[in-house]
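One structure follows; several queries about it will come next.
Per-chain numbering from 1; labels A, B and C assigned in written order.
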C-alpha cells in the first residue's frame, strides 16, 4: 500500500476504511514545552497559554521530534471561561497547566447573567485561532489539526464549581439551562472559528458523560441536547468525543455517531475505565472510531520500552481489524513522561500498526 | 547608531532586550514627589491630582525615564483598617494594624480599588500623568505583593509567626489580598500605566526560607502576575532584601525586570547578568543609602559607569536604578547626575 | 540541672515549641534551677539557632519563634535581664515603627548576659541619651529600617556630644538600609548587620573598641 499522509490515515480510520498504518495521536499541550526546555518557568507556562503562535510552533517541533499523526492544540481549561471572568490559578510546578481558581458563577442567578462570548476577542480563544492558522500554513491538508474544546456541560463546570453544577442539576435546573444555552452558543461559535482557521477535528470533551459523575438520565437532560445542537451547528468539523471518567457513556456517544454526520469517534482511558478496548471493539466498534490504546498514567510514565511495546502490540491486535482505530493514550500526557517513552510509543505503533 | 528614543520606548526596549539608544534610568522616586511638587504629606498621599503634580515635578527636575507614582504602603492597607501617621516631610508611616489575632485573617474582605483605602490616589494620578506626558514616559506604580501586604496590616513579627503557627488562617488572608491586588493592578493598567513595580519584598533569604516563600509568597505572586488582564510583560519586580531569591523571581510569569539592591545585597549586577541576564532586565546599580545620600557627583558618575560596565555589555537589558525608594531628602541634582552619567557611558555603540 | 531538663529547654528553643515554653520556665523555677543555669542552656540553644540562621538553613520566622520561646522560658525568673557583661540602651528611632531586628538584638544581648533597657520603637531622640544617662549605659544602640529616618542617627550622636557622652558611651547603629560605610561616615562606633553579629560587636564596644560587622557578603 502506498504511504499515506497523516491526514489520509486519520480520515481513513474515522471512516472505518483501511489506512496504511494506525494513526497515532496524543493530548500533549504544555508538556511538549516541558520536554523541549531544560527548565520550565512560570513565565513559560503562562505565556504558552496566551500565545497561539508559541503553542503552534511548540507543536510543530514536538511532532517533528517525537512523531505522530495529529497536530493537537491544547493549553488548559481556561481558554473559553476566562472570557466570563473565571480566574486561573498557577500551579506550584511550572510544568503543570494552569487550573481554575475563582469561578464566575456561584449562585443560581448568575447563570443568566452570562453573555455569549466572541471567539475572536474573548477569553483566550483567540490564541487557539492563532495556533490553528500557523498550523494550517505549515501543514495545509497533510496533517489533521485538532482542537481541545470542552462540551457545553463540561464548560459549565469550568464556569462554576463542579459540585455547584451537579447540585443545580437537581435544585435549579431551569437556571442551569439558561446558562447552558449561552454556553452552547459560545462553544459552537468557537468551534466554527477554529474550523475557519484550519482545524479539522475537535476532541470534544464530553467529560461529564461518565456514570460516576452523572446518571444517564441526567446527561440526557443536560448534556445531550446541547451536544447535539453543537454537532449540528459545526458541520465543518469532525468530532471525537473525549470522556476521561471511569464509566464513559458509550451508549450516548455511539448514538451521536449514528445520528450525526460529524461525530466519528470516542477517546477514553481504556486501561483504567469500563469498557476496556476488547469490549468496546466488540460492542461499539462498528459505530465509533476508537481512540485509545495505552495507559498514560502508568505504562507511559514509568514503564520500560518493552512494557510500552507490549501494550501497543496488544492494543493493535484488538482494535485494528476492520479499521476504526486511532492509537492514543487515554488522556493528557503527564509531565513526568520521559520523551523516550513517547518516541517508543510512536515507534511501536508504526511497527505493530501496519495494515497488510 | 540607534535612533533617539523617548523614555517609554527606551524602557520597553531595555525590558524586552531590544537595542536602546542609551541605558534608561529610574530614580525610584516615590514619596520624594511631595517635595518636588511643594506639597504637604497628606495632600500628596490623598489626592491623585496632587500626586501627579509632584511626580511630574520630579520628572521635570531630573529627566529620568521611569516614574513610580506612590506615596506610602498604606494605599491598599488602609482599606483594611491600617492606620497611618502623617508627618510633614516624611512618608506616611504605619501606626496601627487591624489584624490583631490570627483569626482576623479570615474576616478580611476583598477591597474595591475605586473606593477602599487610598488606591484611587495612584490610579487617578496615573490617568492625569498619562494625559500630560502621552506615550513618552514609563509609569509603573508600586504594588505590594500579597505577602508584603500582610506585613502592612499585621506586625511583621506576627506574620512571620503566623507562617509557622497559623498557616491556614494566614493563607485565607493571602487569598483575599491576592484578589484585591489583581483588581488593583487591572485598574492601574486601565488608568494608563505600562507596567507595575510589583514588590515581593519578602522574597529574601534573611527574612524567610525559600520553602516558606514558595508556600506563602510565590504561589500568590504567580496568581497575581498571571491573572492580570495586561500580559504585555513590562512589570518590574522590586525586592529590596539582602539575599533575594533571584532564580525564583526570574521565572515568574508576566515579568520583564527585577529591581534589587545590588550594592547592598549578595548579588552583583555582573553575576545577575551572567545567570539571569537573558531572562530578565536588571534594574539596579545605585546605592540609595550611601552614594545618593552622602556621595559626591563623581561618586555618582562612577557608580553609574560601573553598573554599565557590569550589565550593559550587550547594549540592553539594564535600567540604572537605586535598590529601593530614595530618601525624600535626596538632592534632585544627584538624580540628574545619574541621567547625565547614563548619557555619557551608556550609549549604545 | 539534669540531662533531661537541659534537653527540654534546648529542644523547646531550637524547635520553636512556643506552647510549652512558659510551662517549662515555671517548672524549672519550681524545681529550683537557677536563672544562670537556664541562661547557659539558652545560649547553647541560641548558638545553634543563630548558626542555622547565618547559614540560611532557617529564616526569620524560626529565629523569632526561638527568641519567643527563650523569653517565655525566662519570664518566670525576671522581667528584665540583670546581666553583668554591660548595660545597653536600645531602640528604633522616632518615626520608625519597625522593631523585629531591634527585638532580636535585645533578646540576643540578654541571652549573652547584657542588661538591656529596651526603649521600644518610634523613640524620641533625646530619650536615648536621657535613658543612657539614667542607667549608666556603656552602649546606646539605635536602629532604623527606613532611608528617610537614617539622618536621625546622626542627630543622636550630636545629642550625645552635647550631653558630654562622646568617647564615654559607645554608639552603635543597625538596620537593613545601613552599611559600615554609612556608620563610619556619621561617626558611629559600631554597626552590626544582624542580631547575631550584634553580640560580637557589643563585646568589642564594651572593651572600648570600635566594631563594624558587615553581613556574610560585604556590603560596605
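Rule of thumb we're sticking to: a residue touches a chain if its C-beta (ideal position, glycine included) is under 8 Å from a C-beta of that chain, and two chains touch if they have at least 3 such contacts.
The structure displayed is predicted, hence computed values, not measured ones.
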Taking chains as nodes and touches as edges, what kind of graph is this: line, ring, star, complete or other?
-> line
Return the chain label for which the distance between chain Cα mean and whole-protein Cα mean is smallest.
-> B
In whole angstrom, the CA-centroid distance of chain A from chain B equals 42
Can you give the whole-Å distance between the Cα centres of chain A and chain C?
-> 62
Return the distance between the CA-based centres of chain B and chain C, expressed in whole Å.
-> 31
For chain C, residues that touch 2 or more chains besides their own = none
Note: chain A residues in touch with at least two other chains are none
Can you list the residues on chain B that touch chain A in the complex?
-> 179, 182, 214, 219, 222-223, 225-227, 231, 233, 250-255, 279
Touching chain B in the complex, chain A uses residues 41-43, 45-47, 50, 87-90, 92, 94, 98, 101-102
Per the touch rule, the chain C residues reaching chain B in their complex are 16, 18, 56-62, 64-65, 68, 95-100, 103, 147-151, 176-179, 181-182, 185, 194, 215-217, 219
Mind pulling up the chain B residues that touch chain C in the complex?
-> 31, 85, 87, 90-91, 93-95, 156-157, 160-161, 163-165, 205-209, 212, 240-243, 263-266, 287-290, 293-294, 324-329
